[in-house]
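Next up: some structures, all given as structure tokens.
Common to both upcoming complexes is chain A, partnered first by chain B, then by chain C.
Right, the complex of A and B next:
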């Protein structure tokens, strides 16, 4: 904490990842799963929940052992912890739904290298007590899930004419296939970033006035 | 008095502490992974079995029961569902109806498509010597283009009676199965490709051809054995 700054309240700590430091719309982190798996709303939610689980439990463990782990080996221990929780999630998704597991593909295993998780472990969890770390990680996870869902729902609506597999338009609807292809991910992400930056700018202008 | 060297100002952690921290975390994580693996082993196996049976019975709707066989140059072996495949053998599912009559054989095939390996299941009817059903398994083909092999009705029609007949020697196919350009299918052993998804369509044809070319000569001497369930 910088001099002159007041400590965050629990609510501010939680909201940090949802609004002020949203991983997708503000920090633009974790772009690999954000662009690759958001071809449908259910995939986006599945990936968001899986990442949140890993984020919360990794941060809890990193925070709990922060006083015992020497700084020289801290990154190695964080990676082992994150990889372990990703393995747990991998098995859990296979046990819950094979369809979701196949839809998310290799991106479940790639949560290990998601910079949001390692970033939170290093920048926050290793410096705060477990409860604070978990609240912050939960906010970040929810913020990430909101970001993925924002992309996934728009891409599914335009790319397949449905939401959660439920058809929204009549049979005459011609799906915009491009939305399900990689360029569609960039288009929708760009549109959301623009919208989010606009909201933020307007809010700041209002607060300043 | 000499000045202290900058090195001595840095606190050096003892090696045993580093080892203890790494070892402790590794042990804790190891226990976590093994516990997750053990506790999900059964539900995962059950999910895989249910998904596979669903796919097989969708290919042969009259089917009620199935038995798994390993087919190799050594012969035909009946497998339990938890038994692993012998090396070099091919897995075949024999599907029977309510009257214990063989309704068809289902096998797996795969070939490299546009993005990755396209895995399919196909149903073979020994009476008609033809492939009579086809389902797409795991694939990474382009959404909206390559993945049309799942949904394109005209493409699915190729597998209503795709000829897979052995020649007189019984050692190879009389006519290899091949994928032809969209709209140019003339023969019963040809697959009409999807326009715009030719690479994926060809992968399906190649995969099935490679699979039946090996499987059918091996199966031929044992077809009588498969007529009724064991």
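Right, the complex of A and C next:
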């Protein structure tokens, strides 16, 4: 935060990740899991919840120990903390839902290298008390989940003609297979970004006029 | 998967299952550093080197951890090794080529959080590759990453000269390009069908 800015209220702090600083659409961070697992809405939600869990608990711990960690080894410390929580999530998902575990594959373990988590730990949690950090992390996590869901649902609707596995269109629907394949991920995210960019520009033009 | 030949692994990882365009690994540097051709090559080389080191260490670590029955520590051990390897590359580059070091900027330490590097280590473990297979896998993965980075950088340099509506410029356009590239790479699908 810059010196002149007023401190954010708890609500603003929470909303920051959902809207203003949305990790998927605004900051464009954590792209790898975003594109890889969003072939269906349920996968996207599972991934979002898993990431949120890791994000919240890592930020809590990072924030709690922020005064004792020497500056030189802070990144290594954060990574070890994050990796521990990811291991927990990895085993938990394996125990709870084997289907989801198999669908997400190595991408659960790859949450470790999700830039959002390290970015939040470094940029926010290491400078704020635990409660603020957790609220902010929760907002970010929910924002990330919304972003994933926006991608996953679009790809599932077009690519498989269903949402959460329930068929939406009649049997004559011809699935748009490319949406489920890798290029579809790029196209859908690109389209969302273009949509938001266009929207923003329109708003600015209106404000200027 | 002992039956997979080294050649199959190489082609399969380099083209068919290209790390960036088919498996979505390492997208952050892919979108971040692919602005210019002259930074794309060193970035690719640095990442390939880290992948190779990570792959070698991961192979050794996996044997050790399996022997000690400590598989749950695997992820933590891998990431620490990768972070150290990146630190090594960073120090080496800072000493030998300060210009390049500045050009790569924040993306150099970020190789640590490049999913492609950790991906190499994790995939070679789940697929139970032998020592030689792991090395080929890491080299092909790094090669594929460099290839994708190069293609993308070339395209984006051309794009700078084209007239594009202002609304479309930026990450959205880069993603659309990546989508097209990915579509192109799907054409290789028949090449290494059994490697996947």
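Criterion: the second predicted complex is superposed on the first by the 197 of 209 C-alpha atoms of A that agree within 3 Å, B and C clash if a C-alpha of one lies under 4 Å from a C-alpha of the other, contacts with A are read in each partner's own complex, and residues count from 1 in each chain.
Operating definition for what follows: contacts are C-beta pairs under 8 Å (C-beta built on N, C-alpha and C of every residue); 3 or more make two chains touch, one makes a residue touch a chain.
Predicted, not measured: the structure shown is a model, and the values here were computed from it.
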Report for A:163: first if it touches chain B alone, second if chain C alone, otherwise both or neither. neither
Which partner chains sit in contact with A:177 here, chain B, chain C, both or neither? Use first/second/both/neither. first
If we overlay the two complexes on their shared chain A, which of chain B and chain C does A:193 touch? Say first, second, both or neither. second
Can A:94 be said to touch chain B (first), chain C (second), both, or neither? first
Is A:39 touching anything from chain B or chain C once the two structures are fitted on A? First, second, both or neither. first
On the A-aligned overlay, A:113 touches which partner chain: chain B = first, chain C = second, or both, or neither? second
Could you let me know whether more residues of chain A are touched by chain B or by chain C? C
Could you look at A:64 and tell me whether it touches chain B, chain C, both or neither (first, second, both, neither)? neither
In the overlaid three-chain picture, which partner chain does A:84 touch, first (chain B) or second (chain C), both, or neither? both
Find the residues of chain A that appear in the contact set with chain B and again in the contact set with chain C. 76, 80, 83-84, 87, 91, 181
Show which residues of chain B lie in contact with chain A when the two form their complex. 13, 17-18, 21-22, 24-26, 28-29, 32-33, 36-37, 40, 43-44, 47-48, 51, 138, 140, 142-145
Interface with chain B, chain A side, in the complex: residues 39, 61, 65, 68-73, 76-77, 80-81, 83-85, 87-88, 91-92, 94-95, 97-99, 102, 105, 159, 175, 177, 180-181
Note: in the complex, chain A contacts chain C through residues 28-29, 31-33, 35-36, 75-76, 79-80, 83-84, 86-87, 90-91, 106, 109-110, 112-115, 118, 178, 181-187, 189-191, 193-194, 197-198, 201
Chain C - residues contacting chain A, complex: 21-28, 31, 72, 75-76, 79-80, 83, 109-110, 112-115, 117-119, 122-123, 126, 166-168, 170-176, 178-180, 182-183, 186
